[in-house]
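Everything on this sheet refers to the single structure shown next.
Note that the chains are named A, B and C in the order they appear, and that numbering of residues resets to 1 at the start of each chain.
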Amino acid sequence: MSARRNPMEPQRLGHALETLGAWVLALLWILPLAYAFWTAFHPPEFATRFDPLAPLSLQNFVNAWNAAPFASYFVNTIILVTMILAAQLVLCTLAAYAFARYAFFGRDVLFMLVLVQLMIMPDVLIVENYRTMAALDLTDTITAIGLPYMASAFGIFLMRQTFKTVPKELDEAARVEGASALQVLLKVYVPLARPVYVAFGLVSVSYHWNNFLWPLIVTNSVGSRPLTVGLQVFSSTDQGIDWSIITAATLMTSAPLLIAFLLFQRQFVQSFMRAGIR
Amino acid sequence: MHRFSVHIHGWLLVLPAAVLLAAFTHYPAVATLLHSFYSTPKAARPAVWVGLDNYRAMIEDPVFWQVLGNNLWFALGTIPASIALAMLMAMWVNGKLHGRAFLRLAYFTPTILPMIAVANIWLFFYTPTYGLLEQLTVDLLGLPSHNWLGTPSTVLACLIVVTIWKEAGFFMIFYLAALQAIPPALAEAAAIEGAGRWTYFRRVVFPLLMPTTLFVLVNAVINSFRLVDHIIVMTRGGPDNASSLLLYYIYDVAFKFWDSSYASTLTIVLLAILASAAIMQFAFLEKRTHYQ
Amino acid sequence: MLTRAIQQTAALAAATLIAGSAAAQGVEISFYYPVAVGGPITKIVDGLAADFEKDNPGIKVKPIYSGTYQESVVKALTAHKAGEPPVISVLLSTDMYTLIDEGAVIDWSSVANSADDKAWMKSFYPAFMENSETGGKVWGIPFQRSTIVLYWNKEAFKDAGIDPDRPPQSWKELIDYAQKLTKRDASGNVSQWGIQVPSSGFPYWLFQAFTTQNDVVLMNKDGTKTSYDDPKVIEALQFWVDLSRKYKVMPPGIIEWGTTPKDFFERKIAMMWTTTGNLTNVRNNAKFDFGVAMLSSGKRRGTPTGGGNFYLFNKSTPQQQAAALKFVKWVTSPERAAQWGIQTGYVATRPDAWSTPEMKKYAAEFPAAAVARDQLQYAVAELSTHDNQRVTKVLNDGLQAALTGAKTPEQAMKDAQREAERLLRSYQRR
């Protein structure tokens, strides 16, 4: 197949202008991250001065690591996003299967109620959810951070949409061979929805890795605090802002996601494509 | 399948998710409504029924109106701009420009960084005199110095910029996926018909992107009410509530002033706004999604 | 319910194990501590906890670092409402009324009963006790207290032809010096401002310096009335506003607290008002000779006190309370108060701390450290009322409105007073 030129692509001058525009925007967009790199790797005197001959230094990272228990924060965050994702995958799959293939009593009403959560997220119900957590005696635990998010309306919606596109013939063929409902789910539906799971997983992990307000309210101690809250507690100060140490801490905490994205860029985009999230 | 077991099995499958949703979405929403009709319990005084008193107080609260106005301006400022920018970015990244991989990376990076972290960096950008923005406008261009975050007329715009920066890349990915699903034959057909680039975009691409746009719109609306992390770091709602948003005000009232019933009242307003936005958008969205 | 039952069983099992071992009684006291980056404070606090545990086996001290003062009081009250408060917390002295109204704390005077204890409670500077007592009871024990001080860049003074060792003594001199120090280029851009008084976050604190120097107080002793619209208060606000609008020696708009020290190090400002708690920070980062002085006198000298006290939360057991008392007495002993002051830059909270050998030596080497202490005689209580956060916020909003020119000082203060009266009405009926 020859690569025919898309007639709707700009030619020469238009192409050059667009490339320039795109690059200027990209450089603007990456500026904060670039600044973070600059400030984190240079001594504090150069946080606001961009002297190209300035000496490099790793001291900021050392200071940042020592100033707060980032190791604990990392562990907490990893446990948190894993817990949430695992629960979401299970709960949303089951629920979506029911919505897609079972005409049970009250299904449509229930589905509408589920969709409510798409707009009214737990984030805006902080006051009441905090009360609930207190009543359940779960405050200051990682579970408390994750619980409101484990039944994800977005996940259910996505899975239902995907399951509905699975041809009924496959379903019936599996049943003819004696498979139970759950086995059909596991052997037929889930494998076909893999790209959607990947896309959803990526969205879920990055959302919960970076979530701040609810974890701030519900956690108090190092044992349950995730990275975002740790970062804020660490950088808010009565004694003045020290950008060198804040950017060093920022880079440390964002590194996993950044590196993962760098390595898996294409897969990231492709999974969104295949998921047909349109 | 036995008809009865369809219902039982259906409900069993849905039950775990439904319980959690009820506990953390539906129940709190209803409880919020209930609590807005009571006074705030304190150590010496338990809660009493006060009917619409909290709502009356809210209507008389000038800060509430300011915060509501701010949030609507904020939504207006961030939603169209980030969607338009996302579409533009997606088209650039989808096209044959040099260094697409770098562009894609640059546009998407803000999404991965936690807002809490980047807010501090933006604080530096906006700092008067030696902040990055001032170094450009004052030192390089000779314009007068400006206290961007410390002036009520510019502070909200500054936060809008930060939000657009954070959001556009995320929406770009959705548009990218949608663009790559458009068959190239369409472009050729349009060219044969003599259509220019702008016409092609307006009559072919844009309508095909509608489902994505609606999906992205839902997200953008939610985010414009949900994201307050940058306020916490950069302005704390100041100066004089010029940069305070509804959810931030709710957080202040609930967890700084400990006035839980007023916080519930404010939350009802927020829920009402989100619900009406939802109804308007889902009427659209459900119509456009096809199933087999 | 089940979790509670499991927890209680586990606690019982643990308690039995401990009781089974030799005489020691296992008590744990957790305490919320507002940490600030800019010094190895967490290491110091951890060190204090470890030292105390060595001297007192059987008591474990667990510091929980909880962000700024504002964030810490939120966390402490949140924890209290969830039924899991800490035993003690270091929180703002001004949070006293709020904590009492929420039923979260008990007064130290009820656990500190012995004659020795009573003497200990009387050993702190009176200025610091003003925000720590009400209704005849002691609710907070001063720990890390501060005042506002003036820092000035001696090199900048020399450049401007001012005696580098003489800070401005009066409001008039303040304006005079600031005008000489403000460097403007031909197009009107300022490369160095004369004076900077931050106004973000909690401008009321800085404002109290102006009002005290203008010989007026903002609230009554019971925390039930404010006087935001007193003509002398409006006058003080006018002076603050004039610094940027009329005399043009201070940047316009709202000035960020967090970046003010940095502005000073970058030589963008020649003088700044900030907490004495920044002393170590300035000492480490200012690459020029600097001075520290009391604030200039208006009708009189003055500054609010600031900083945190130890509070005792009321869901603690009697053993925890006894252990907490022991810890707080230990950590506020003259030697440790001195040590704390030296390491952090906060004012050592009791007179006898200043007579310890280490402190005398330190003050001799570094006179700047004693400035805040000397200023204590002119210090007044920090603004603190019932429903404190809100009553303070209406003042903050008003101050910011005046400083940005959105309202005149008179209008801003009148509006603030009206709001404050509305909020405090229910507390005046008592």
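Keep in mind that, in the parts below, a residue touches a chain if its C-beta (ideal position, glycine included) is under 8 Å from a C-beta of that chain, and two chains touch if they have at least 3 such contacts.
If you're wondering where the values come from, they're calculated on a predicted model, not measured in any experiment.
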- Pair exhibiting more inter-chain C-beta contacts, A-B or B-C: A-B
- Which chain's mean C-alpha position is the greatest distance from subunit A's? C
- Task: Round to the nearest whole Å and give the separation of the Cα centres of subunit A and subunit C.
- Result: 39
- When the C-alpha atoms of subunit A and subunit B are each averaged to a single point, how far apart are the two points in Å? 15
- Query: In angstrom, rounded to a whole number, how far apart do the mean CA points of subunit B and subunit C lie?
  - Reply: 36
- Residue ranges of subunit B touching at least 2 other chains are 123, 130, 255
- Message: Quick check on subunit C: which residues sit in contact with 2+ other chains?
- Response: 78, 258-259, 266
- Note on the structure: Touching two or more other chains in subunit A are residues 48, 217, 232, 235-236, 241, 246
- Message: Taking the touch rule as given, give the residues of subunit B at its contact with subunit A in the complex, in rising order.
- Response: 6-7, 9-11, 13-14, 16-21, 23-29, 31-32, 35, 89, 92-93, 95-99, 101-118, 120-125, 130-132, 165, 169, 173-174, 176-178, 180-181, 184, 187-188, 190-191, 197, 200, 211-212, 215, 218, 221-222, 225-226, 228-229, 232-233, 247, 250-251, 254-255, 260, 263-264, 267, 270-271, 274-275, 277-278, 282, 289, 291-292
- Query: Which of the residues in subunit A end up touching subunit C in this complex?
  - Reply: 44-45, 48, 67-68, 130, 133-134, 136-140, 217, 220-222, 232-242, 245-246
- Residues on subunit B engaged by subunit C in the complex (per definition of touch): 42-44, 63, 123, 127-130, 138, 142, 144-145, 147, 149-152, 235-236, 238-241, 252, 255-259
- Message: So in the complex, the part of subunit A that touches subunit B is made up of which residues?
- Response: 4, 6-10, 15, 18-19, 21-23, 25-27, 29-33, 35-36, 47-48, 90-92, 94-95, 97-99, 102-105, 107, 110, 113-129, 131-132, 147-148, 150-151, 153, 156, 161, 164-165, 167, 181, 206, 209-210, 212-213, 217, 227-228, 231-232, 235-236, 241, 243, 246-247, 249-250, 253-254, 257-258, 261-262, 265, 268-269, 272-273, 275-278
- Contact footprint of subunit A on subunit C as seen in their complex: 3-4, 7, 32, 34-39, 42, 64-69, 71, 75, 78-79, 81-84, 257-262, 266, 275, 277-278, 281, 285, 287
